[in-house]
Amino acid sequence: MDSVSLTLLSQNWALWIGFVFSLMLFSVLAGNHAVAKVAQYLLVGVSLGYLGVLLWQHVLNPRLLLPLWQAPLQDWARWLALLLGVLLWLAAIERMWLRLPTNQPVAAWRRTLRLAGMIPVALMLGVSVSAVLLGLLQGSLWPQFWYTARSGFVWSTALDESLISVLVLLLTTATLLHWTAPTAQLAAQQPRWVQGLLALWSGLGKRALWFAAGVIFARLLAAHLSLLIGRLQFLLLTFQQSLLWQSAERIWQLLGGG
Amino acid sequence: MISSQRFGSNYLILFLIIFCFILIALDRSGVATLLHGTVVTLYQWLLLLASFALLFGIAHVLVVHLRRIQQGQPDWTYSLVLVTACLAVFVAGLLQPSGVTSPTVEWIFDALIAPGQATLYALIFFFMAAAAYQYLRLSYPAGRWMLAGALIVLIAQMPASYTLLPAVYGEWVGWLLQVPVMAIVRGAILGSTLALLIVGMRFLLGRSRS
Amino acid sequence: MNVIRCSHCGTTNRAGSNFCNRCGTDLRGDEPEEQIAPPVAPSADFGPDPAAESEVAPTADQEPAEAAEATDETESVYDPSINLWNSAEFAARGRRAPPPPPPDALADEWLDEEDEPPAPGPSAAPTSRRLITGVQGLLDPLRIASELTERAETQTMLSLAAEPVALPAEQLRRIRTLLTQDPVLLDMPLASYGQSAVRLHLPWVLLLFSLLIGIPILLDLKTPIGTPQQWPGVAEAYTAINALPADAAVLLVWAYDPATAAELDLVALPLASHLLERQTQPVIISQLPGGLAVAQRLFDRAMTGLQTTSTFRLIPGREPYLAAGYLPGGAALLSLVAQDPAVALLRHVPELAPADGVTQPLSSAATTRPALTIVVAAQAEGVQQWLEQGQPVQYSPVLAFTSAGADPVLRPYFASSQLSGLVSGFDGAIAYQQLRSVPLAVSETALLGRQVVLQNWGHFGLLLVLVLGNLAALGRGGRRG
């Protein structure tokens, strides 16, 4: 059999195995029985193996081990990264796999290893949290705040544009107020008219949030409907290629169904 | 009593985190361009350490399930399926020079991973539709407003509404998305970002007192 | 009156109190000011052990006088039915508590309780501990667990026959599971809806939508009724890509995998086809394990379609796209991609040799700032992460091609011009394709057409579900009235 035929055959096998596998997973709607469980565990196992290969091929080998092998003396930072990674593993192995019986004291080497293992964890946390926080500030908080302020003070000659800018400012502040501030508590010592105003403002924000949640829910429904359509199309169109369907179609035609 | 060792280790960890924060802040702000190389090294370390952590996570899952098999716990047969599948894919990928782009691994991706993940996510729609039946009702105060928002957009995004309803309806819903809903979501983004920033700064400073 | 002064805020509390009334600091282990409360025999398990009452002090340097007074006078009687936190074990005892740690000392939030065993030998101080000074109460079960463990070490005469109380044992089991052990992936069955009211409606919903969508597929209904709405942002995205010169480097942040490919492939296919048609140089990175594979398959599909429907031809010696790599490690790495693409986009295919007609190797194009960055994401977070991590340092225009559900959340970014274009959902995909002059392959066009048909049926079903739900509520309300 030539390579093209082999490719087509393997694609065909992949199609049918995917079909059966999808049905096994769909069967979870009828309960978490053995067939569904096998499918779930198989999916998890295969996904984990795939991830392992990806990590090796795309990260550890080309970015760490291969450069160190080719030029071992040139890059101290990579050696340090390797050391930190190994420390992380050793600390995790000690903590998770070499568990002490409860009535034994922790040896000094264990304590040292746990302390050393905290260093890579702290580095990972430090870099991730720092980047996320600074990104929030630079990419979301400041630009959105700035554009809110700008849009709220656009006093153009056109009445509708001015009204729209006031609407945007009102809705944004109402939502922010409801989201972040306990207005009843804050306004407890204030005059009645202030309490009323804050309650109105926060109430507007609450209802606005519910409305927006409905809009988001509708778009999410469309998104998941697309996913369901895709899956059902795959299942039904694959089934239509089966011998069973083709035989049924032929019988229908013979019976004069058209 | 807190031992001096633990006391010191807590400060070491806090120092490392704050050190990273200062370096990255200075680099991103463009104040200290000399630090750029150091910051890039930190990011590379993050990439490598994350990979180490993920690999350990995979190994840990295997160990847990191997223990389950060894001890004959309930569902050990499923654990055997998981471990076998994981090792088979891992070994198949490592043995071939092209790794994930090898024919074997690509076949496994097309036959198992892609249909499996797609099927699991496709099931979510049924639960969402059932939740819509149960909760988007006029009788609930929040449900009323959510129902209004959902109905307006559902009708607009239904392709048939283009022929059944006047074109101005679609334009009006487009305006709704672009102006009022945008403003509401912006308020939510500002609020959640502020909250996240505060929580993050408290974490950085080691102050998680309530 | 016997009082205990809180070491954290200074508030006086009644002797025997477990927590400060004002700030919640754990007072168990503090010594009352005016009267030393008699100790209670501790035990490693949860039951009282009269045999242990004569062995109150875990270490030999406990004051013998205090220990002798402790045996019979207990402040509280242990009741297994009471929550462990009120157990007599933690009432004030005769042991002299060590001075509390300074208020600004960092809590032991980083290290496990088990790291600190009680020091053996007669010179060791008792280990009445207030380990957690920050998160009051939250990690008390850990402290309880560790104290029990320590007490087991020192109470050599204790009997372990008493059964642990179900609630604390369950609590301990859950805590241990959370912390270290047995991260069982599939603990919860997928169909865990059994306990909720949604379960009653699920079979009907299943049947309704399976029929509404399945029957048109089986009957091969192809004629779509209506056209999807073109939301704001689609035309801007098209214009931005159409304005790209040939060989322009385009960074594609691929943030979806097979789980959401059924929808996102619809959105990304016209994009991929357009980028290839414009002869740009797409460079793809992904932070999802399955993302690169999905991207490669999609671009291959787009290439096949272009070759059948237009005069598109691949430039010899040049890759039509570059799947640059998988980058685990979270959003922070997007900063690396933006600031230093040469480091981030590590090639794992051989370098292209420069040839006639090829202006530059692909890798060098990838080291300069891209002309455009396009985020293809199933969730709004994927786009937000790039806007927060990448765009502030890279400054190239950003387009978003996303799922329908992400659209409303990204509108503020589009309105503030952080996003130059926004295409979302099946309707965005179809609207985008309608703007192009080059058609997709026949099979792909049929797929989009069928999507319109099925979306009509699906939306009809959703509207029916909403109407029926409200009628049901009305009917129930009427009956009650």
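Chains here go by letter, A, B and C, matching the order in which they are written, and residues are numbered from 1 within each.
Assume a contact is a pair of C-beta atoms (placed from the backbone, for glycine too) under 8 Å apart; a residue touches a chain by one contact, two chains touch by 3 or more.
Quick caveat, the model's predicted, so the values are computed rather than measured.
The minimum number of touch steps linking subunit A to subunit B comes to 1. Across the structure, the highest number of inter-chain C-beta contacts is found for A-B. One simple way to say how far apart two chains are is to compare their mean CA positions; for subunit B and subunit C this gives 5 Å.
With each centre defined as the average position of its C-alpha atoms, the distance from subunit A to subunit C rounds to 7 Å. Across the assembly, subunit A contributes residues 28-29, 37, 41, 44, 47, 50-51, 54-55, 57, 59, 63, 96, 111, 118, 127-128, 130-132, 136, 138, 140, 144, 147, 212, 215, 219-222, 224-225, 227-228, 230-232 that each touch 2 or more other chains. Residue positions of subunit C with contacts to 2 or more other chains are 110-111, 115-116, 181, 185-186, 190, 202, 206, 209, 260-262, 290, 327-330, 332, 335, 392, 404, 407-409, 412, 415, 425, 427, 455, 459, 462. Touching two or more other chains at once are residues 9, 13, 24, 28, 43-44, 46-47, 49-51, 54, 60-61, 78, 82, 100, 109, 113-118, 120-123, 125-126, 129, 132, 136, 147, 150-151, 154, 157, 177, 181-183, 185-186, 189 of subunit B. Across the complex, subunit A meets subunit B through its residues 10-11, 13-15, 17-19, 21-22, 25-26, 28-29, 37-39, 41-57, 59-60, 63-64, 77, 80-81, 84-85, 88-89, 92, 96-97, 111, 115, 118-134, 136-138, 140-141, 144-145, 147-148, 164, 167-176, 179-180, 205, 207-215, 217-222, 224-225, 227-228, 230-232, 234. Listed in rising order, the residues of subunit B touching subunit C in the complex are 1-3, 6-7, 9-11, 13-14, 24, 28, 36, 39-40, 43-44, 46-47, 49-51, 54, 60-61, 64, 78, 82, 100-101, 106, 109, 113-118, 120-123, 125-127, 129-134, 136-139, 147, 150-151, 154-164, 170, 173-174, 177-178, 181-183, 185-186, 189, 206-210.
Within the complex formed with subunit A, the residues of subunit C that make contact are 110-112, 114-117, 120, 149, 152-153, 180-181, 185-186, 189-191, 202, 206, 209-210, 213-214, 217-218, 260-263, 265-266, 289-290, 325-332, 335, 346, 348, 384-385, 387-389, 391-392, 403-409, 412-413, 415-418, 424-427, 450-451, 454-455, 458-459, 462.
Subunit C meets subunit B in the complex at residues 98-99, 101, 105-111, 115-116, 125, 127, 129, 131, 134-136, 181-186, 190, 193, 197-198, 201-202, 205-206, 209, 224-232, 257-262, 290, 292-294, 296, 327-330, 332-333, 335-336, 339-340, 343, 392-393, 404, 407-409, 411-412, 414-415, 425, 427, 452, 455-456, 459-463, 465-466, 468-470, 473-474, 477.
Touching subunit A in their complex are the following residues of subunit B: 5, 9, 12-13, 16-21, 23-25, 28, 41-56, 58, 60-63, 75, 78-79, 81-90, 92-94, 99-100, 103, 105, 107-126, 128-129, 132, 136, 142, 144-154, 157, 176-177, 179-197, 200-201, 203-204.
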